[in-house]
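Going by the order they are written in, the chains are A, B and C; count residues from 1 in each one.
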Amino acid sequence: MNPLQARQLVIDVPGRPAGYPLNFTIGRGQMWGVLGPNGAGKTTLLHTLAGLRLPRQGEIFLGEQPLTALKRRAVARQMGLVFQERQDGFPASVLETALIGRHPWLAPWQMESDLDRQLAEQALQQLDVAHLSHRLVSTLSGGERQRVSIATVLTQNPDTWLLDEPTNHLDLHHQVAVMQLLRAQAAAGRAVFMCLHDLNLAARWCDHVLLLYPNGDACWGPAERMLVPAALERLYGQKLLTVEADGKPVFVPVPTTGES
Amino acid sequence: MASMTRWMRFAMCGALWLALPLAVAEPRCATDDLGQEVCLDAPAQRIAALSPGATELVWSAGAGDRVVAVVAYSDYPPEARQVPSVGSHTRLDMERLLQLAPDLIIAWVTGNPSGQVATLRQMGLPVFAIEPRSFAAVSHTIKRLATLAGTEAEGFAEAERFAAGIAGLQAEFAAADPVPVFYQVWDAPLMTVNNDHLIGEMIRLCGGDNVFGELDRLVPRISVEAVVAANPEAILAGGMGEENRHWLTRWQAFPGITATARDNLFFIPPSLVQRPTPRMLQGTRLFCEKLEIARARR
Amino acid sequence: MSRRLISPLLVLAVLSGLAMVLSVGVGSVALSPGEVMAALLGDGSDLQRTLVVELRLPRTLSAFATGGLLAVAGALMQVLLRNPLADPYVLGLSGGAAVGAMLAMVAGLGGLLVSGSAFAGALLATLMVFGLAHGTGSWTPSRLLLTGVVVAAGWGAVITLMLAISPAQQLPGMLYWLMGDVSYARAPVPGMVLLLAVCLAVIPFGRSLNVLARGPMQAAALGISVRPLEWLIYVAASLLTATAVTMAGSIGFVGLVVPHMLRLVLGNDQRLILPACALAGGTLLVLADTLARVVIAPEQLPVGVITALLGVPTFLYLLYRSR
């Protein structure tokens, strides 16, 4: 597995001066959570790491090679991205949508085989959307569509997972299921890097955390070092109350004036 | 001829008599208006006329009984309406045309689709393209058609009759006082003709002075203001069909125009002037009469 | 190739064949099937051979090629612009071709020079839109679409101007070119060859097109080089459209509706849709042209009217049924 590595990376957020350079490696078995308020640049960071946007400065490496030196297909075999927003221009079925995850593995003239279809169906099964295989994606609920997106990357089977708010639209049961699936992926030797807006999810599931501040500051490291109330309150501009559950911290936002 | 001796005249007649059998065996040739020479081994027996004007001219040449195909709107002479149609002059039904097996095709220079005419030429069919642009050209065209059809007797006579009629009118009105004239070809858009157009020639012959004669385009589109500014003494207009005079009513709203003030608004049936055929003689006569009326009202 | 792809294509191929047979067998001169066969084999009277081999056969093949080219170009445009309302003319291609053709007509040229001029006009229009949409930095489909729509309107204005100021005697020719007419098409071979070449080229690119249709970001994340592929689609669609318009003027409707109709029935796999568009577009235009030739013979109708009259009810029926 070639780990994804940021070296002196400064993301390009238009209109904002260059932020703190990022230097980290998303190593095998790790589950990273990226936290920050709206507009901090989480999605921009994710897209930059995936090679879809150019950084302002710095480089990204996959293993020993810079991302820019690799062919897109090679990158797609090692890295998968679950987007936050989707464009579904033309009607497609759920199974077809999961199947496109096989694209980086197939030669141009190769048709999808039964094996490919099986892989897609298994992925859909794992995300509990197999019963919707033949439905059009445009008819799905938000949560179902989200799970299909994750199933697509599961079919793609990359070494590094990049996810942009994967639990959006998901009910509690499916939130837990998805996080468990990601943890299993990490345990199997892959790496997971996800942007989260819910800081408690990061607290519960992530072993590494990256904090992105709206002015461009950043810090990262093991979760227990990053998830300190002072840093988090500064990050979100919101007073927090810390509680413990099951050995992990839970942060509750507290209104600053009026009620207790 | 008068200056030759009787002896020479005998010799010439004798020579002609000897030459006659040879003449019959020689191909009949004529050059069309695109500069192509068309030669037929025998007089044309099955003629296709690809525009209403061509139809009229073929009939004038005396070859009407040999026409096997016409196009839409070939309404003159009335016998032409009985002839099978092969579409419109802008879009031909090639299959039907070929089925009628013409041995001579009379095309119209502008109007027939060049692609389809090219196909006919490629198939080896003789295509003779015409479009008379002057009185002299009308006679010349009738004579050429008559030559190709072998109907010289009738055709040449008709051509001469037309030329003589035009010449007569020309002589009659050579010294006439010029009358500023506006000829209206179409109503919406408002169109007229310049001096190069055949109708322009007609106006000149009758002693008219086309107020838009100097314009560059053959069929200019003009504005109502231009007509009012030009202040013609007579307005002649065609119309939508042979009886519809309503184009002239527009000009009644402008009493400042001399033509309106003197009621010199004259209707000319379009079929008599807008096809370059012998009927133009009637049209020209009508034109000249109207201008005379205008002169009388001065 | 899997059976899933083969059987609808076979059905369409059979339909195409039947349409072409009908087109060659039917015309304003009635010929029996036996006479048509004889003419094709070289027997029969001169007239029959001329009608079948020199008139009907090239016209049928030209109609097929034109219809196929337009339908495939439409499907490609819809993928490129990720918009099911795109058609081959949306980027102003047919406007440029029309202006090219009309300039040639005004200059008194005919035949091949008009076609050549149309082709040049189409390519110029393509380059113009591409260059303008490029602006500062790279182009996006929506920018391309907007630029194209504006440029197309510009060409439309130029066409109207030319119609207004051209000598009256050239108007019928120009109007018929604008309406589209298969009777102009003389040489079907280049169009057929191009159509076949593009359908074959689709095979390796087909799945990439499917993924591209999901959006450029998603496509890039799955390993597609988005810009080069979009370039390729743009050039291919332009070439197809320019060829079709050069052959038969601007025939509308086929490029918009055929891909849609096929998508309603066959789904969205471009590897199936593109060859199916070639066959179905060709069939539609062959049938439409046959009707245009005979329905009120000897008067000949413009084929664009018939494609609309045939296509609209069919499309509405399919749309209704798919609910």
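We adopt the following convention: a residue touches a chain if its C-beta (ideal position, glycine included) is under 8 Å from a C-beta of that chain, and two chains touch if they have at least 3 such contacts.
Remember, it's a predicted structure, so these values are computed and weren't measured experimentally.
Colleague: What pattern do the touching chains form: line, ring, star, complete or other?
Modeller: The chain contacts form an open line.
Colleague: Whose Cα centre is nearest the centre of all Cα atoms in view?
Modeller: If one averages C-alpha positions chain by chain, the most central is C.
Colleague: Where the centres are mean C-alpha positions, what is the separation of chain A from chain C, in Å?
Modeller: 44
Colleague: Can you work out the whole-Å distance between the CA centroids of chain B and chain C?
Modeller: Result: the chain centres lie 42 Å from each other.
Colleague: Counting only Cα atoms for the centres, state how far chain A is from chain B in Å.
Modeller: 83
Colleague: Spell out the residues on chain A that touch chain C in their complex, using ranges where they run on.
Modeller: 47, 50-52, 71-77, 80-81, 83, 86-93, 96-97, 100-101, 103-104, 106, 108-109, 111, 156
Colleague: Going by the contact rule set out above, which residues of chain C touch chain A in the complex?
Modeller: So the residues of chain C in touch with chain A come to 1-2, 5, 82-84, 203-205, 207-208, 210-211, 213-215, 217-218, 220-225, 263, 267-269, 271.
Colleague: Which stretch or stretches of chain C touch chain B in the complex?
Modeller: 27-29, 47, 50-51, 54-56, 110-111, 164, 167-170, 172-173, 176, 181, 183-184, 186, 293, 297-300
Colleague: Applying the document's contact rule, which stretches of chain B touch chain C when the two form their complex?
Modeller: Contact set of chain B toward chain C: 72, 84-88, 90-96, 98-99, 101, 110-111, 113-116, 118-119, 123, 191, 217-219, 221.
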